[in-house]
Amino acid sequence: MSVIIIGAGPAGCEAAYQLAQAGEKVELIEQEAQPGGNLNNWYQLFPDRKSAQELNRQLILRLEHPNIRLHLGCMPTKIDRREGRFEVQLNDGALLTGQALLIAGGFQLFNAHRKEEYGYGIYENVITSVELENFFTNQRIQTSTGQLPKRVGFIHCVGSRDEKTCNFHCSKLCCVTAVKQAIELREILPEAEILCFYMDMRMFGPGYEEMYREAQEKYRIKFVRGRLSEASENKAKQVLIKAEDTLIGKPLKMTLDLMVLMVGMELSAGSRQLAEMTGIEKATNGFLRVKDPHFATNETNQKGIFLAGSCSSPMNLTDTLTDARSAALTIREYLKHIDL
Amino acid sequence: MKLEGKQQIWNDYQKEIANDQYYYARSCIRQTFFPGSEWAYLDILGNKLGKTVFDDPKHTTCTGIGYHSDVVPVETIMTVVARHFALMTEAGFENMTPSCITSFGIYTEILHTWEQHPEMEEKTREFLWKATGREFRKPRNLAHTSDVIYKFRNEIAAQKKYSLKDIHTGRPLQVVDHIGCHYAKMFPAKGIGGAEFPAVLSGMVTAWGGESIDYPERRHCCGFGFRNYLVLANRGFSVANSKKKFESMQPYEPDFIITNCPGCAMFLDKWQYTISEMEGITYGHNGYGIPVLTYEEMAALVLGYDPWEIGLQMHQVSVEPLLDKMGIPYVPEAKYKNAKGEDMGHPAYPTYLKVY
Amino acid sequence: MMNFWGFSIAEARVIDYDKNDKSLAEMLAEEMPTTRLCIGCGGCSATCTAGNLTEFNIRKLQMLLKRGETKDLRDQLHKCMLCGKCLLVCPRGVDTRKMILFLFRQLSEQDHNS
Amino acid sequence: MYYDPFVLPFTLGLNILLIYLIIKYARWIRTFSTEDRQTIRRNIFTLKTWKAGKEVFLESLVHHKIFRINPFLGYMHLCFGLGWFLLIVIGKIESLVYHTSIFNPPYFAIFFRYFHPAKETFPGSNVFAFFMDLILLMILSGLLLAWLKRLYSKALGLKRTTRHRPFDLLILTVLWLIFPLRFLAESFTSGLRGGGSFLTHTAGDFFNSFLPIEQLSYPAWWAYSSALGLFFLLLPFSRYMHIPTEIVYIFLKNWEVRQGKHFSGISQFQLYSCSRCGICIDRCQLGSSLGMTDTQPVYFLKKLRHGKEHSILVDNCLMCGRCEAACPVDLRLNALRLTQRQEDIRITKSTYEYIRPAAAKTTAKVAYFAGCMGHLTPGVIRSMQSIFHKAGVDYTFIDEGGSICCGRPMMLSGNHHTAAIIQEKNKASLEASGAELLVTSCPICYKTFKEDYRLDMQVLHHTEYLDILLREGALHPHCSDITTVFHNPCELGRGCQVYTAPEHILQTISHRIATAYEGKDALCCGGSLANLHISPQQRLQLAEDALNAYAAYRPDVLVTACPLCKKTFSQPGSSLPVQDIAELVDGQC
């Protein structure tokens, strides 16, 4: 029996390994030149500050399994279903067949240009959370003028919970990511003033609330409850922001040397294409709809096509990997039945 | 309200109260505004219950009001309190029974502080010695005088001449009990029934035939709050607090209010006049206001003391409607006569609040 | 209220939710369901031209209104210039400008009736 | 003396109508302001009157505008309008030629065939008869179209037709009866006594072959006269009131009587000039995108005229001006709607005391004003700053630190008094800069700066300014093969008649794709501040539909020139990039 997995991010890698271990043949397709997906852009992970690349390395290492065939730099151009088998045509000409199809196409980050009033791509010192991770990787934090930032602001909910970008959902991870990044930033910039501008702090995972407390107490991160409404740039290339300090009830303005936009998660373009090719329904939040939110979290409206990871909703890495294992289990169960 | 829940709390918050041999610490406000209360307490304990209470003439204010108003430093008040303990020790007593809730709070707080910071106790001993040449032992038992009455509520009930009942209908009187903030809010374990559902006064009320009202703002401060009342600019908040309590208790149609704190008794009584003058509002029935008694006065009435002898004419809100309900006889003409039968003069009539 | 002896009874600051008249808020919610969506992020009041120069705070005013506190509404609402900037930043799609217009009309009607 | 009792219904009806109209119009004109009266006096003996006459001919008779929008509908209206007019005029001439007296009563011409003994010829009598028949045929053909229109409105290229109340149906029936009755009366008379031409004569012979036309002829004239009389009596209470009123309105309009902020005499003329042709219905995006089919001007004016509840209709209008641009009668539909918005805001002079003139006097001759919305589109501001720099213009950015509202949104809510106070404050602050030229990025500000502020400096929208810079050679663009479609913001295009500047710019720097939404036909983005009714979700729907309409031309970029349009279009997250014209120019220079 063989399973075709599309997407070799953490979910695809983990599911591939679990299925391979269980004796299934796995065809793992990845459009990029290397596996790892969005994890490649991360430096450290919450809540334990694990090295993202270390986790990535472990996940990729396990792909060297005799049952796994990895197709890098490939994209499905056509997916057919013939006599209970899936035939996936790749852009490099290969034709893969399998009894089950697992979509692990993941998410993509919100395009911050769309929030024009925040000035991303216009003001020099406005960056996204991913770019900040990149700074961390290089251990180099500086403003466009080459200075150490004295005041850094994290803007939560950029492209999440925002009717104005038609993204109504909560991306769930940005709050804790902001807290994590603020802490990392503090370690590099012991003197800087670091602020988070939030609408609600959603510390849902184990150890997250504790991180939040630690950020306040130990790392002296300041939290302002207010949504950024607009930004401008002054002569010194600092970002002048406007928000309301809602807990005080007054408008607030301040200059930031560096503004970090906590961009939210959207269904990736690849996942969207796959959904169109295979007829998988989309949920109201734009992600792929699972068959049942309790009993069939990896199944879809299409028999034999399964989902793993954040193509079904924003997920942290813990949940992504758990979801991948769950998907592997669901697929094995499915394969057993079509055997009969 | 679920009685079981309250009983559980009452069981959790019990305290040790000495059985006899009390050193009595007077209250500034009580003896100024309700001198009859103090006399009644001493008389009940001495003559009705046969207890020994020592009322020491050398005893002074605890300076609690000054302390809470940031006028008296903590070292000073500790030394003053240490002197009280020294007087108690010298008189051969071990059981301290302050009449004032503020004092009770101060004693509790200081004893607790000394427990946590023995060096402060040492320092206080040194100050006291340097200032007065006195030494002291800490009281073995500290209880508020209302605790003492609570302890003997059943003994009093056995001797009672009148019940907290409307003699015309047999209906138990509905009583609002107001506990001084510093009785149990700072140290819930030191109050009978704790801070949330204190039983010290309601215990007396039920023992003597009445019913206690648990109304929403029961736990709220009477409004005295030291700086709130003492600073003129804050006085509006003080009276607003009392008003809030009256409005909250009004729907329960209370027959009277009792308090265990001298300040509260004064405030709940006199603010009724103030509110009526300011806003034309009166509480209680028919514009006469809600009578306010101290628990000593309530005990004395139950035991058959003459209302004027225990000083009920000192109250702003007339107590006559309450006396009539309980069937306690009184001579209206004697209300404003002194012990010699001379007329003391009659207070002016308020604009809105009706008086007898 | 009369000022006796140098003081008067302080007004309660508490939001008396039971006593407060919330009919205007109910009418507003009925008329414009999007006003129920506010999560109090403050985007509107931050961008507000009038709010940056005066006490006018539309987020607070509508929240007060929902609790039945309408005094501030009367004192502040007219400072709004109806420019509609708040509408453009609201992440919940609350029709803020229409809400203000509705309130203007209601207040004007109340004034008219009284 | 030619007389017969059957002329009475017609004569009575006509006279009552004339008296009614004279009284009604006089009363409306009496409410004109002194200013309006002066304007009329100034313009009445000028070429404007001649222009008005020409317009009356083109619009009231030929229905030239309707023709351009919809030839079928135009022909139908032409048949009725011009046909009836010619029937009257030629009929009158015919009667004059025969009778050689000007002072024959009106009914004589109308019922000429009855009074004129057919055998008695006069100069050109056959020619007249031929023309009269031809015109009647033309009217009857129009009538046929009108019937078809009621039955199959879509066949005539109309998505929707106006709905009628029972009274409208009554007068419509009467109107439709007039010409068939004339046809019958004339045919019967011809069949009986001869006369007429190819139509009535032939028909007369035909009817004579099987009908007792001797008995039918006289009643037919009665019926014809009665139908005419009844029509005249009903006319003031029906939509056909537009026939006489429109003519007066055209003259008033040409004499430059303006629709002001309040409902006035000229508003009354407009209200009664609406012919309910329904052209506004198809132009309205509220209808096409949101299925709202009751708020268009035709319904609004109808409710207003009949005093029906119209509070939602007052609010539910984008004021995009698409209807106004297409209105054959040229009614000021936005302004009319605005007159019905109430002043709800009670303010005093001190309410806006907090607004203080902020701009300091500068030496720069050019002042740039981004507008409040502009601060939410920093890309536009950034591009303008860059362009100023590239063109070497010394400028001052007067609302860099923020500004107050221009007052137009307030005005659009109907609160003119309040808006005036805001504008007064703002004007002081603008003029304090001492600049000679004010360039703004916001068409909303631009419109009100131009129309209401009476500033002592020149005002330009940045599109116009960029066009000047390009024409003067201050900027050096390189034309790219990037394809563009222009979305002309309502306030800029239809609002301020800025059409050529953006077109020229886009032709200079890009490959501009012409669309069906050029010039006056531009769509509304849906973000309109003038609509006080629709929900944010409905706005989004409007934006999506407009975007899709533009995207159908597959441009590389959709170009606009308004921060509000840009924000509105950015909401749905379309794959079509939306840029301000300033951003495009900056990128190409």
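A, B, C and D label the chains in the order they appear, each numbered from 1.
We adopt the following convention: a residue touches a chain if its C-beta (ideal position, glycine included) is under 8 Å from a C-beta of that chain, and two chains touch if they have at least 3 such contacts.
Given the structure is predicted, the values throughout are model-derived calculations rather than measurements.
Colleague: Measuring between mean CA coordinates, which chain is farthest from subunit B?
Modeller: Measuring from the centre of subunit B, the most distant chain centre belongs to D.
Colleague: Measure off the straight-line distance from the CA centroid of subunit B to the CA centroid of subunit D, and report it in whole Å.
Modeller: Their C-alpha centroids are separated by 85 Å.
Colleague: Can you compute the centre-to-centre distance for subunit B and subunit C, using the mean CA position of each chain? Integer Å is fine.
Modeller: It comes to 46 Å between the two C-alpha centres.
Colleague: On a C-alpha centroid basis, what's the spacing between subunit A and subunit B, in Å?
Modeller: 66
Colleague: From the mean C-alpha coordinate of subunit A to that of subunit D, what's the distance rounded to whole Å?
Modeller: 53
Colleague: Provide the list of subunit A residues touching at least two other chains, using ranges where the numbers run on.
Modeller: 117, 163-164, 230
Colleague: Counting only residues that touch at least two other chains, what does the list for subunit C look like?
Modeller: In subunit C, residues 47, 52, 88-89, 93 touch at least two other chains, as defined above.
Colleague: At which residue positions does subunit D touch at least two other chains?
Modeller: If we look for residues of subunit D contacting two or more partner chains, we find 376, 536, 567.
Colleague: If two chains touch, include that pair; go through all of them.
Modeller: Pairs satisfying the touch definition: A-C, A-D, B-C, C-D.
Colleague: In the complex formed with subunit C, which residues of subunit A make contact?
Modeller: 117, 157, 161-164, 199-200, 225-230, 242-246, 249-252
Colleague: Show me the residue ranges of subunit D that touch subunit C in the complex, using the header's touch definition.
Modeller: 342, 344-347, 351-352, 354-355, 372-373, 376, 402-407, 409-410, 413, 415, 422, 529, 532-533, 535-537, 564, 567
Colleague: Within the complex, which stretch of subunit C touches subunit A?
Modeller: Contacts found on subunit C: 39-48, 51-52, 57, 59-60, 88-93.
Colleague: What part of subunit A is in contact with subunit D in the complex they form?
Modeller: By the definition above, subunit A touches subunit D via 114, 116-117, 119, 122-123, 163-166, 230-233.
Colleague: Using the touch definition from the top, list the residues of subunit D that touch subunit A in their complex.
Modeller: Going by the criterion above, the answer is residues 375-379, 381-382, 400, 536, 540, 566-567, 570-573.
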